[in-house]
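Order of writing sets the chain letters: A, B and C. Residues in each chain are counted from 1.
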Amino acid sequence: MARMAGRRVLLAVPVLLLVTFGVFAVAAASPFDPVTAYTGTAGLTASQENLDQIRANLGVDQPFTARWADWIAGALRGDLGDSAVLRMPVADAVAERLGWSVLLAAAAFALAVLLGTAFGVLAARRPGGPLDRCATAIAYTLEAAPAFWLGLLAIWLFSLQWGVLPAGGLTDTASDTVTAGQVARHLVLPAAVLGISQLPWFYLYVRQGVGDALDEDPVRGARARGLAERTVLLGHALRSGMLPMLTLIGSRVPELITGALLVETVFSWPGIAAATVQAATAVDFPLLAALTVLATAAVLLGNLLSDLLYGLADPRVGFDG
Amino acid sequence: MADRRPVPFAAPAVWRSRGGTRRSTRTLRIAASAAVLVCVALAVLVVPPAVDLDQQAVDLPSKLLPPSAAHPFGTDDVGRDLLLRCVYGLRVSLVVGLVAALAATVIGTAVGAAAAALGGWTDRLLMRLVDTFSSVPHLLLGIFVVAMFRPGLWPVVVSVAVTHWLSTARIVRAEVLSLRSRPYIDAAVSGGAGRLRVAVRHLLPGVLPQAGLAAVLMVPHTMWHESALSFLGLGLPTHQASLGNLVQTARGSLLAGHWWPTLFPGLFLIVPTLAVAGLAGAWRERLNPRRRAELTL
Amino acid sequence: MTEPSATRPSTPAHPSADHPPLLEVRGLSVRFRMPGGRHVAAVSDAGFTLEAGQCLALVGESGCGKSVLASALLGLLPANAQTAGTARTAGTELLTADEAVLARTVRGRLVGLVPQSPAAHLTPVRTVGAQLAETARALTGLRGEAAARHAAGAAERAAYPADHLDRYPHELSGGLAQRAATALALVGDAPLLLADEPTTGLDRDLVEHTADELRRQVDRGRALLLITHDLAAAQRTADRVAVMYAGRIVEIAEADRFFGDPGPRHPYARGLLNALPERSFTPIPGLPPELGDLPAGCAFAPRCSKSDGRCASQRPVFAGGTACHHPEGAAP
């Protein structure tokens, strides 16, 4: 298993290199002048010498391949450049915000997996029954609904109409310290919206997997042995029926990141996804490049996690070779 | 033995059934989906030219009216009719979605067919490229492309297209590989035709139905993608308001407690998506009746 | 193999004075509703009885409805199946019992199933031992160590090696999988065993071994309904033989009469025996009919050398141990 993990990590290196190269190539083709982005409105009044100086400092007078090589060398030392929009080193910005994003994503993922599995099993038990039909219709609707739209409607309902949950941010506006209780209260809505936007996929996969398993011989065998319906459902149908979902759970990272980009923006959650949108709006290349690479790394890590989980869950999978 | 007194032959009087019969909603689903799509087509084709009402007309006295008979969806923050705004927005989103889906299909078909037809190193290289592309979350890649080439119609189309050609490339490659093993392809090759020529003349027509189906199913995705970009302020300029722009501009009204400018553009995105998914699901059910659910939209 | 200590006394329960058989099946029919309102008659008007300490082999070609009959007795038919008739064991009517009754009192407790393709009937992601222990917990109410001991006892009675309990189903050989399935069927000490094609896919040695294992369970007082297309296995195990053709039982006979002298009375049963390699090795000409489109008369008539106009138009009544207008020999 360790060997497989090692091989996957090695294979990730060329992918990451290629992605960073692509990022720099696109930036080189871009009509945007990084100097303008860096200086903002101040650039309009700055002298040409100053601008040239900044240009040299930023290294943007060199060809993009050289800048790419510099960036890689810097990244290996932990230096990802400076963010213009956040006015701090990119590495610090990532360090400061990554934790909040992971918290949000983990809470949402846990919610999606738990609710998706529970509803999937209940729906698979009576295919075509009222619960199955309702839950499946809702799942398809949620799958089609954009996460930002769900987030806005949730804010309207829970924050404005009912006033039970805060509409965004990490803490109350009056407070300047971060307490666990406040974070928990502010986490509920974004995590619920992100989780619900991910839920249909888990629900549909579990429903399909368990539904298929219920028609197969192992479940017939379990029934014939006189096991209770609950045991048949949870100990047999779910145990084999959730394998397809487990294999693909890590491949949900891209969708999770997509959802986080929208949800963090809607709820002003101070994570890296919201920073990505800010970086894109302000054309803050160093921040955007670093976050794109970070997201790619997260996707690759998710794929690795998938394989490991599958190997652990299914005794028929061997990790040799 | 008890067997020696057999029950005389008689047709069984009572049949008992354990499972109840459940009426399939398939016909209903197909009809509803088709009706929605017909409405969408009529709305985007007929309404904008036919209704002689400038959708941009600002009417401040009637701003933010809740849904009523005069304005079924209410009005927005400058008094424009939301139903009309949504129809126009749907038209913009649909055009962008269709163009992007077409572009993505062309790229995907070209890459997939080239990979399968040329094989060897080209194939491996192209498929590694596809893998690399799919390692970057789609919306993030889209955001990056738009950010680097400023918001506008064409950067959005390009951004959507470059993130959606991957599945088409995989489908086309697989399809070409399976077609290539057919005898008439061998005949063409042994007749001296070049590999690319065979691909274009003989294989491409065979994969077009598959690629076309993938393209139709891609439109909801591309529309969704465009809306997300527009919502983030990285999409279309506001004078070409798509559904995503409408939700974006409605944020202020929402925070003031007016829900309708947010709700309806979202529904305009969801309902056609469900209709496409409904037809696709029914189609696949016909191909494979045992599957009870579809995993992809 | 040692004699187990935990088995029930092998005398069968005789609940009433008039001595009802352990399993009594009367007029059992199963049909499947197909799309377009068609029906497929998988089992038609089957009737037989089975006593404790006896083995009845239900033989016939694949697709004649044998396995559907086993599923019907356990309430494991798919949702589009309809049943008619009665099947009683130990005072329980199997065909009308609801799912809760079947799960709580019938399956595993009154009727144990030794399934076809045993490895496929085990959940692949759990070990044999875990599934045995789980079955022991469910059927006996024992917990923890006691349940594990009970499970180990069942494994021992089925000659399943104790050091293979931590294996996953896919790691088992065909023979071991068969023993694991038998062990699972024995956990609840059910007085009636249904063995559904237990020898399919096994090589000759294993077939004989499995047949002998099953026979040993019968000798300990269980009733066994052996469903098989393997006449050699049936001969090795059965006390009586029931022959099924196109969903109907066409002959029921004592095994020694059936396999020896005077032989079966129904032409189809004779044909089955003659098709055996060690006999004349002549297959029955033609193919069995579609169960969705059965003829009005005898279903075997198109393949039968003795058939006449009566066979084509009139379905023979089951009498004298067979359902044939032109049976061989005299009724036993």
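Definition applied: contacts are C-beta pairs under 8 Å (C-beta built on N, C-alpha and C of every residue); 3 or more make two chains touch, one makes a residue touch a chain.
The shown structure was predicted, so the numbers you read here are calculated from the model rather than taken from an experiment.
K.L.:
For this assembly, give the contact graph shape among line, ring, star, complete and other.
P.N.:
Here the contact pattern is complete, since every chain touches every other one.
K.L.:
Hey, which pair has more contacts between C-betas, A-C or B-C?
P.N.:
Spelling it out, more C-beta pairs touch across A-C than across the other pair.
K.L.:
List the centre-to-centre spacing of chain A and chain B in whole Å, with centres computed as mean CA coordinates.
P.N.:
Taking the mean C-alpha position of each chain, the two centres sit 22 Å apart.
K.L.:
Hey, how far is the Cα centre of chain A from the one of chain C, in Å?
P.N.:
Going by mean C-alpha positions, chain A sits 54 Å from chain C.
K.L.:
Using mean CA coordinates as chain centres, what's the gap between chain B and chain C in Å?
P.N.:
52
K.L.:
Quick check: what residues of chain C touch more than one other chain, meaning two or more?
P.N.:
78, 99
K.L.:
Would you please write down the residue numbers of chain A that are in contact with two or more other chains?
P.N.:
Expected reply: no residues.
K.L.:
Touching two or more other chains, which residues of chain B qualify?
P.N.:
Not one residue of chain B touches more than one other chain, so the list is empty.
K.L.:
Show which residues of chain C lie in contact with chain B when the two form their complex.
P.N.:
Going through chain C, the ones touching chain B are 21, 24, 26-27, 29, 31, 33, 45, 47-49, 75, 77-85, 95-96, 99, 240, 252, 315, 317-321.
K.L.:
Given the complex with chain A, which residues does chain C contribute to the contact?
P.N.:
74, 76, 78, 99, 103-104, 106-109, 112-113, 115, 117, 120-126, 131, 134-135, 138-139, 168, 170, 181, 184-185, 187-188
K.L.:
Touching chain A in the complex: which residues of chain B?
P.N.:
22, 25, 131-132, 134-141, 143-150, 220, 224, 227-228, 231-234, 244, 247, 250-251, 254-255, 257, 259, 262-263, 265-266, 269-270, 273-274, 277, 291-295, 297
K.L.:
With touch defined as at the start, can you tell me which chain A residues reach chain C in the complex?
P.N.:
Answer in residue numbers: 215, 217-229, 231, 235-236, 239-240, 243, 313-316.
K.L.:
Quick check on the complex: what are the chain B residues that touch chain C?
P.N.:
Against chain C, the touching part of chain B is residues 1-4, 6-10, 12-20.
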